[in-house]
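You will see chain A twice below: alongside chain B first, and alongside chain C after that.
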Partner chain A sequence: MSIEFIQLAHGSGGSATTKLLEQIFLPRFRDIGLQPENDAALLPIGNGVTLAFTIDGFVVEPPFFPGSDLGSLSVNGTINDLAVMGARPLYLACGFVISVGVSSTMLSQIATSMQEAAAASNVQIVAGDTKVVESRGTTPQIQVTTSGIGIVEAIEPWHTPRVRPGDQLILSGTIGEHTLAVMGARHSWFQHDPIASDCASLYPMLVPLHPIPDIHWVRDITRGGLGGVLNELAHATGYGIELDEEKIPISSLVRGWCEILGYDPLYLANEGKALLAVDRAAASHTLSELGKTVLGRHASLIGEISSDEQPVVILNTSIGGRRLVMAPAGELFPRIC
Partner chain B sequence: MSIEFIQLAHGSGGSATTKLLEQIFLPRFRDIGLQPENDAALLPIGNGVTLAFTIDGFVVEPPFFPGSDLGSLSVNGTINDLAVMGARPLYLACGFVISVGVSSTMLSQIATSMQEAAAASNVQIVAGDTKVVESRGTTPQIQVTTSGIGIVEAIEPWHTPRVRPGDQLILSGTIGEHTLAVMGARHSWFQHDPIASDCASLYPMLVPLHPIPDIHWVRDITRGGLGGVLNELAHATGYGIELDEEKIPISSLVRGWCEILGYDPLYLANEGKALLAVDRAAASHTLSELGKTVLGRHASLIGEISSDEQPVVILNTSIGGRRLVMAPAGELFPRIC
Partner chain C sequence: MNNHWQSLTSYRSPELVQQLADAINNACQGRVKIMQVCGTHTWSYRRHGLATLLTQNLSLVAGPGCPVCVTDQGDLDWIMDLAGEKQNTLVTFGDLMRVPGSNGSLAEMQSRGADIRVVLSPLKALDIALAEPSRRVILVAIGFETTAPVVAATLQHAHRLCLTNFSIVLLLKRLIPALRYLFARERPDGLLCPGHVATVVGKQAFACLPQELGIPSAIAGFEPVDMLLGLLDLAHQLKTANAKITNAYPRVVTEQGNPIARSLIEATFEPAPSQWRGLGELPTAGYGLRGALQRFGLNPAAVLLSKAANGQCLCHLVILGKHTPQACPRFRKNCTPENPLGPCMVSEEGTCAAHYYYPDLDESLEIPDTESEVTLQLPPPVTDGKLPNKK
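And then the complex of A and B:
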């Protein structure tokens, strides 16, 4: 069924977003260059240099939450879209759409966070734009759209065409923190034991992997969560995926709150976690390199690409069952990134 | 006085916008690379290659208006930010923030316009992002933030440090059409004799100027209009500007409506017009090159950079008077670009 009117689900990063892209944007933009399967476009510019180029909009509400805020999120989110393509992030450009009535104090705090996050990653914010709009209701008061340029450093491309059966799937750390941090701040949950967002630059964790030729594919796990990203991977490669539930790192705090709230951690967004598909022969070396980094110390081999030509994601549960992990269909968590 | 809360005027492109930049963004972003004096950042990437990189948000309401729409505006606006830096626009990335309830028909029309505008300029749309938000009230229903990359082709940089007293100011064509087109569509004015936006890519008009070393500075005249851009130029260079009112090209239709509506055409936004500062020796050659192009056929020498070290803009009026052209202070025309 074709889309008639846009709904929140179309922004979820799940199957409704795929539908929106397939109905409206892909038919029009694919033949003028769109590379929808990558987090950043790869642009050869001669002399063996390949640029990575990306854009990401951030509409998180509230703009401040434990562990991060809209400012660092908008910088690190875009840095990560470049980093997972094997690129070194270099330059950012930031477009602000600000509602009338926003305080300069709030805007200054956001800008300071952006400055600090960029400086920490040695990335320059070189261009900007501000628009001011009237606004009411639940629309976020400050929207930041951040575009980034990087230079590809990985010796082989980290992209979908290189994924094949037998590839090992490595998750760089625990899942679920970011969504719970934002939802907690929004609804004043977890006051005594706040959950902090995992928002961070993935670049330092991924640099040691640049020289490894057997890294096939890397993606950060944001909107739609691990379940969303795995379904996209299955869909894009045409291969099935087998997961081992016990190997998926989840903190006891996140697991406990997910049980109470009825959330499936597989669909929670993250802002400092990567999923990697690597050749079987390179898996233990990759795990060891990740394990030496701060962000990758809980990295875990969670499954593999199967030779099943049904592009479905199967979870082998801790009690010995097998269940299908569907693509997220609706929008469980609006305005979290 | 420092800003406490954001108002519409802070998005005007005039003195309030300058204040917002100076209070909040410049102190934080300048030391991490921001190049606020240019429409696009210039990034040398080795081998004599310089990238131009820019971002621009578009919040026009209504999204369709005579001569253009949000789609072509978001593509050509970003192309123009690159073109006025002497660059060839190559790649765009587009971030959409869409309100719940927007029809797929409307979104498809916008996407088609973007596709057509990009294809017409041989520019690729290589990356995108969509977010969906709840929304009410007067906030534009579809916001597009477009980032662009180009390669600098002009043999000398077109930027502020090269502007000097005696430089001739050339305006590439008539002013005022874009604002009147959007305001006309918003308020159902001019139904029998609609005014079409001048929205267009400036690149073809500027290409013949790339080999001319005496082009010192080029800027497109959008928010804040000619009055805004001239005041920014005076402020940035520290020199005064003398204008000849009779030489400023304005169509009789625009002039007539401005008189009726009480608008000063000097502050109306344009989306297909450039202002150039060129060495006196190169002025007639530049005018002749511009005159050979479709967009530049009404190009006119409108004034010069004076040796006055007061950075003010003086208009020599058609009746022999002299008046000060102030920077636009408030927001006369919200949501026009």
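And then the complex of A and C:
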């Protein structure tokens, strides 16, 4: 079925997004170098040096929410795309599309957050661009696009072709906070007990893993959530995945609200969580290295790549049942009752 | 919230679940067909993988308990027509956004500029009406006895505020009259009754089902242990051939229900005929507005008969437990949550969506359509020949 009009679901990171890429962009850009399966492109430049290069656009309504804002999100999001390729993020460029009516206070606040997030990660913002457009909807919006470049430091590449059966899957921390923080700010939910976004740079957590050769693959879990990333991994490798629901770290606050709102935490977005596939022999070392870092202190071994040649994700539920985990489909809408 | 969650985890205890499953499996000697009226039961059952613990003798079929799914196609088209009128702001629950109408879904209309707002509480519609007096704010009220109290509160409040730019598309439905009608023709061996409806109307409201129709009935909550307790009650009733209504959710459900919610419903609505997908017009299975509140009601008469229903969708059979989603030739092929062809594929409580997201373990998962079969290519080697082979 061909896409007629772009809808919100096409940006949700699920199979609608895949469809958009497959229908419009991949056929045109693949032949000219696009590496669609990586968070950042890997570019060998000789002498054993590989650059990681990426770009990401950010729009979020509202632009300020507990734990983070559009500014730090746009800097950390791009830093993370580089960091999960085993790279040290170095330089960023940023582009702003600002609609008429945005207050300068708001813009300054966002720029300040970007400045702070970049400084905290020792990254420089070296180029930028601004465009101002007519305001369309009811609220004036700011869109930020950031592009980043870094140098790969991991001694072996962290990417899909290295994943193999028996690899252990490690999740770096609790899931679901980011989506709920944004939804909470958007709809004025959880006012007594706000949920903060997990937005953070993953680089400091991943640095200690650079010398471990048995790290095979790392991904940050953003749109589409853990369920989305796992299904992509299964499809890209052709192997099945087995998960233990019990082992997936979810805070009780997130869990409780998901029950009420009818969300499955496996599909909620995160902005400071990574999923790793590592050789079985290196799993406990990796876990203990992660456990020493602030962001990785709740890291948990949640499952493994099975030798099953059916690329499906199977969840052993916490009550002792088994079921499949599907790829996310469409935008999240809260339910009736 | 923390404490509330902690107290719920005991209803997911693997040991308790296993004990209950064993007891049910022992009690269920012959084949039985239990209807789980409510979509939330279907979701819970599939999401926790309960089927893998229970005997194949026990088959759970869907019932007409998903508000979006039982909404008539004519009513859906009416809602979309209203959303298409420039002066209207449509206020709706999220579930309705992707339901296909004759001319696309609300989500598509929104992407083309229609003013549609998704809310968690109907009361929010009043805030919008107050804040934007030039807009005609229309609340779409779908749901059962569970949703009726808060819609009633909204209407009462709108009345107190003397709002003139607020109206309602009243599509709320009364579950028990519909079940009586449905079972007069064909009945399952047992009925798992929805705990949240019973919370409002009380255990006694369900007593007519075993008394008049002889159907063993158990009220159950939605956690795995709650559901299994309900199923165990049913298994015992079936074994002893003694149909009654039992309450397997006593921590929430009382004999008479919630008096405040019931009196709000009573003061606001009266029983009225209602169109149900798959069942047609049922005499008392809907709500009408009482007295002065009638001025908020929009009248669908002109459009109700308008457009053709969605021809090949089997939702009307799925919600009566006569068809499984897998029996529909469009399931998972051209009907998916992103491109749903019927309401059962849309809602968080829809049976087709529950089966889509939480498939049977042995189900063959077909890819929706040929165009999306293009798989992502693996990257070219990026470092000097160090890559191990994939397989």
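The rule we apply is simple: the second predicted complex is superposed on the first by the 329 of 337 C-alpha atoms of A that agree within 3 Å, B and C clash if a C-alpha of one lies under 4 Å from a C-alpha of the other, contacts with A are read in each partner's own complex, and residues count from 1 in each chain.
The definition used in the following text is that a contact is a pair of C-beta atoms (placed from the backbone, for glycine too) under 8 Å apart; a residue touches a chain by one contact, two chains touch by 3 or more.
Keep in mind it's a predicted model, so treat the numbers as computed, not measured.
Visitor: So, on chain A, is it clash or fit between chain B and chain C?
Guide: In the superposition, chain B and chain C stay clear of each other.
Visitor: What angle, rounded to a multiple of 10°, is defined by the Cα centres of chain B, chain A and chain C, with the middle one as vertex?
Guide: Computed from the C-alpha centres, it is 120 degrees.
Visitor: Of the partners chain B and chain C, which touch A:Gly95 in the superposed model: first, second, both, neither?
Guide: first
Visitor: Considering only touches as defined above, state whether A:His235 meets chain B (first), chain C (second), both or neither.
Guide: Touch status of A:His235: second partner only.
Visitor: Answer with first, second, both or neither: which of chain B and chain C does A:Pro208 touch in the superposed model?
Guide: neither
Visitor: If you stack the two complexes on chain A, which partner ends up touching A:Val59: first (chain B), second (chain C), both, or neither?
Guide: The answer is first: A:Val59 touches chain B but not chain C.
Visitor: For A:Gln7, is the partner it touches chain B (first), chain C (second), both, or none of the two (neither)?
Guide: Both partners, chain B and chain C.
Visitor: Return first, second, both or neither, reflecting whether A:Ser103 touches chain B, chain C, both chains, or no partner chain.
Guide: first
Visitor: Which of the two partners, first being chain B and second being chain C, lies in contact with A:Gln23: first, second, both, or neither?
Guide: both
Visitor: Quick one: is A:Pro249 in contact with chain B, with chain C, with both, or with neither? Answer first, second, both or neither.
Guide: In the superposed model, A:Pro249 contacts neither chain B nor chain C.
Visitor: Kindly classify A:Gln35 by the partners it touches after superposition: chain B alone (first), chain C alone (second), both, or neither?
Guide: So A:Gln35 meets both chain B and chain C here.
Visitor: Give me, in Å and rounded to a whole number, the least C-alpha distance separating chain B from chain C in the superposition.
Guide: The answer for the closest chain B-chain C C-alpha pair is 5 Å.
Visitor: Residue by residue on chain A, keep only those touching chain B in one complex and chain C in the other, then list them.
Guide: Residues common to the chain A contacts of chain C and of chain B are 2, 5-9, 23, 35-36, 38, 43, 331, 334-335, listed in rising order.
Visitor: Which bits of chain C are touching chain A when the two form their complex?
Guide: It is residues 1-2, 4-6, 8, 12-14, 17-18, 40, 46-53, 67-68, 93-95, 97-98, 107-108, 110-112, 118-120, 142-144, 146-147, 196, 224, 334, 336-339, 347-349, 356-359, 361, 363, 365, 368-369, 371-372, 374-384, 386-388, 390-391 of chain C that touch chain A.
Visitor: Please name which positions on chain B make contact with chain A in the complex.
Guide: So the residues of chain B touching chain A come out as 2-11, 17, 20-21, 23-25, 28-29, 32-36, 38, 40-41, 43, 45-47, 49, 51, 53-59, 90-91, 93-104, 107-108, 111-112, 114-115, 118-119, 123-140, 143, 145, 147, 149, 151, 331, 334-335.
Visitor: Provide the residue numbers of chain A that touch chain C in the complex, in ascending order.
Guide: Listed in rising order, the residues of chain A that touch chain C are 1-2, 5-9, 14-16, 18-19, 22-23, 26, 30, 35-38, 42-44, 48, 50, 156-157, 159-164, 187, 189, 193, 232, 235-238, 252-253, 255-257, 259, 261-262, 264, 312, 314-324, 326, 329-331, 333-337.
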